[in-house]
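Just dropping this structure here.
Going in written order, the chains are labelled A, B and C, and every chain counts its residues from 1.
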Amino acid sequence: MASYLVRRLLYCVIVLLAVSFISFIGVRATFDPLAKFATNKDVEAKQREKVRLGLDKPVIEQYGRFLGNFAQGDWGVSESTHESVASMTQRAMSNTLQLIIPGVIISVVAAICLGVYSAVKQYSPGDYLFTTLAFIGIALPPFWFGLMAIEFLAVQSKTTFHLAQTPFYFVGLHTGDGSSINADYARHLVLPILTLTVQIIAGWSRFQRASMLDVLSADYVRTARAKGVPRRRVIFHHAFRNALIPMVTVMALDIGALFGGLIITEQIFSIPGMGRMFFAALNTGDAQVLTVWVVVTAAFVLLFNLIADVAYGFLDPRVRLT
Amino acid sequence: MSFDSDVSPSSVPTGSPRFDRERVGDFQPGDMATQMESGLGQENLPGGSLPDEGELQPGVEPVARSQWQLFRRRFLRHRMAVISLLVLIILCMMCFGASWIAPFPKNNQDLLAPVAGPSGTHWFGTDTIGRDEFTEVLYAGQISLKIGLSVALISTVVGVALGSLAGFFRGWTDQLVMRVTDLFLVIPQIVILSIAIKKFGQSDTMIALVLAALFWMYTARVVRGQVLSIREKEYVEAARAAGASSSRIIIRHILPNIIGPIMVNATLAVAAAIIAESTLSYLGFGVQPPSTSWGNMLSSAEGVIGTPRAYLLYFPGLMIFVTVLAVNFLGDGLRDAFDPQAHE
Amino acid sequence: MTDEPPLIELESTSADGSAPTIPGVQGDRRDIHDDPNAPVLEVRDLSVEFKTDDGMVKAVQNVSYTLQEGETLGIVGESGSGKTVTSLAILGLLPKKAQITGQVLFRGRDLLQMNERDMQTIRGRRIAMVFQDALASLNPVFKVGDQIAEAIAVHADTKVATDDDRVVDLLDLVGIPNPKERATQYPHEYSGGMRQRAMIAMSIANDPDVIIADEPTTALDVTIQAQVLEVFERIQDRTRSAVLLITHDLGVVAGVTDRILVMYAGRQVETGTVDDVFYNPSHPYTQGLLASLPRLDQRRAGERLYRIKGQPPSLIFLPPGCAFNPRCPHAEPGLCDVTRPELVDVTPDHRSACHFAADLFAGKLETTA
């Protein structure tokens, strides 16, 4: 197991290096750091800036410098806000995590319950209901759902129920400068987490249902029944344990993707997380932030890929990670 | 045994293609000849062993059905899939026939038109500059659907080509395809798309190309997996022993047997492409005016939340939703029609 | 060893006062409701139908047989003859949509009328089943010892450890070497033959009255087959369980069973003792089966192997009259394609469902090959 981990980590590092390279080159090719000199006729100023940014050196060397700095913890400075990218990232990440963590917990619990129920009671009215909801959830464009949620659950319900304020807030995580965890905070969280979880639960519950159905028709479940094992144990001990294996993989991979994927939600609800950071940088052409962002996000994706594989090996004794 | 994770991550909230994970591994393409099945009885007698004497008595009715007929029967049993197909056809006809159907000309700004929601003259209401929303939605649909379909088409063709080469020849072709797709699938979709679009421009065509350039990777991985499992089958070995060239084997033996997952994949790619395009357009990285798409319309409608014009939010999003829903049902129906054993 | 009373009341001593034969199982497990005069298993007029899109599949029609204490009955037939469905019906393991009629009397009690809770006390304890594909039939994520322990624990209301003595003894009984170590291993770590033995061990864990073995040797190599069959014999000697052996392999049947029942297209076509049926087959199908066995001693050079012409019929569209008549060399138009033959006695213990059974038995009709 140890050697497997080492090899996988090595692989992750290599991929991360490749990603950083692509990211660096890609961003460099798309955004010209000297763009602000487009209208400025001052050639000398432009030249000085060029040297200052190290742009006169060959690209490979620039990349090397970037990489070296990055590895040592110097993630550079934002070109637009002049803030350290590292601290920007930290702040943004903590905000994103405030959405991801509760969102994932809710999604995991809900998806597993719905999926198992749907599979065990296949073709029941409940199953049809959940399947329909799942299809709807998968088809809903997430940004549209977010907008509609704001419109109906917040704005219109204020009018309909004659409230002083909208029941749920949709700008940022706190009102004003507050930062404590209280009712106000909760009201800010509801809509973004709802938007976030709808699609995830829809997809995961379908997968769980399918996985469970597969397992329930397996021979070993028939054997368990033939042994006289009570129905409940057959479902939750024999079947569920096997259905969980692919489910965990899928969940781990999707969670990893979430770290870069909250862009829409954060945009709609003005949450200053990783997604918004990316967008701000994209719009201002902030190359340093962009490059670092891609590497950090990719690192999380790779981390969760690794978790997915390890979890699989852990859950399925037929797969021994060597 | 070392464990190679072939499953690609999907960025959930951006509506990325889930089709690559939709139980692809469960599809067991059988040899075409052995796929003549139904129920527990024998409906099809293989030609060589028809009884020579003692003919089958009347009352015994083996009904020979071709694979296409079996497929069609299974598909038609899916009410939702059939309804979805009809809905999609109608939708396409309406959008692409907008010049004939739309009650108003495109981009007909009429600042004197009433600021109102759905009404008799304006089925979807009017927008902020007086245009008939229904008309705009129809025309926007042309772009959204066109992009969705072309992305699916291009990415499927490229993905099938590269995926089958990778899966069949293995070796460094395989490694190359796998590593490249590994790389790009680790970076969040939106990121790749928005940076690429920023770089290459925002024309409709370019957007479609950029999307296709990303989507082929999902298809390629799926196809590669399928090809890997098929190439071990006996009939491939037999074909090779008979002297068939590699390309002949791929084209005539392998591809026809994986047409099922390919079709399903392509269908779901349409849905994913539509969502991706609309998301990008909503964020400002997609279709640019004067071109309109559904996502585009939603982006400009963002400001109407809380105003009396809030209804402008409903319709473009509804169109996307209905289209994607229908496509998903269709894909589900296709999947079941190709392989009824995948579900109960 | 703990001995908690199970959910069903027991008689304190067995009818014949014999010692327990499976280690750890105390007493001869009979329930108060057992009828001591009834045979162990009696199937009466069992029919099973499934509704499919193409029509009603008549998987089993009017099958009746009796299984006595300690007897081995072989149910023989090709794929699709209904033999597996029959056995699944006994234990109530068919899908809900199956339509079952008839009676399955286990020591006098009709299993088909039993509710699920009571059935659960029968399954694995009084009637146990061994399935064909041991790799698919054992749960891949649990240790083998765990699964055998579960078979005991579920009926004993206690916890049983993975390497409990009872589990280890069972594995030893079926001939698995290093049983203590093997109990902590997973199914994929066993060989095919060992897995099958483990399944057998699981089935006898509670000293059942009946063991149903559904093609237990089909997935195995011939040499392993012999070993597994030998395990069955050993088990039977010790436990006096009745065995229902389902197979398509006549060789297996000949070696191990006392009586056989031949099935075709969902119906039984011939029953009798093994010797009787093998030496005096009284049904054209049975004769065809026996004739198609390749034999080294009776063939002349250049002679082709015999095969029964035609294909088994669709279970939805069965031919009128006798189901075998399209393929039967003795079929008489007007009789065989109109009237379905009932089971008739050719000897008191040997029955055949053919209009010409008596003639076939007496050898009056020219048999095949």
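In this section, a contact is a pair of C-beta atoms (placed from the backbone, for glycine too) under 8 Å apart; a residue touches a chain by one contact, two chains touch by 3 or more.
As the structure is a computational prediction, the values presented were derived from the model and not from experiment.
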Worksheet item: Just by CA atoms, which chain is the most central one?
Response: B
Item to complete: Determine which two chains are connected by the greatest number of contacting C-beta pairs.
Response: A-B
Worksheet, complete the sentence: Averaging C-alpha coordinates per chain, one finds the centres of chain A and chain C separated by a number of Å equal to 54
Fill in: Inter-chain centre distance, chain B versus chain C - centres from mean C-alpha coordinates, in Å
49
Worksheet item: How far is the middle of chain A from the middle of chain B, if each middle is the mean of its Cα atoms, in Å?
Response: 24
Fill in: Footprint of chain C on chain A - complex, ascending
218-220, 222-231, 233, 238, 241-242, 245, 315-318
Worksheet item: Once bound in the complex, which stretches of chain A touch chain B?
Response: 4, 7, 15, 18-19, 22-23, 26-27, 29-31, 122, 135-136, 138-144, 147-148, 150-151, 155-156, 195-196, 199-200, 203, 207, 210, 213-214, 217, 249-250, 253-254, 256-258, 260-265, 267, 278-279, 282, 290, 293-294, 297-298, 301-302, 304-305, 308-309, 312-313, 319-322
Item to complete: Show which residues of chain C lie in contact with chain A when the two form their complex.
Response: 91, 93, 116, 119-125, 128-129, 131, 133, 136-142, 150-151, 154-155, 186, 188, 199, 202
Worksheet item: Considering the complex alone, what residue numbers of chain B touch chain A?
Response: 1-3, 5, 7-16, 18, 21, 23, 26, 182-183, 186-191, 194-195, 198-199, 271, 275, 278-279, 282-283, 295, 298, 302, 305-306, 310, 313-314, 317, 320-321, 324-325, 328-329, 343-344
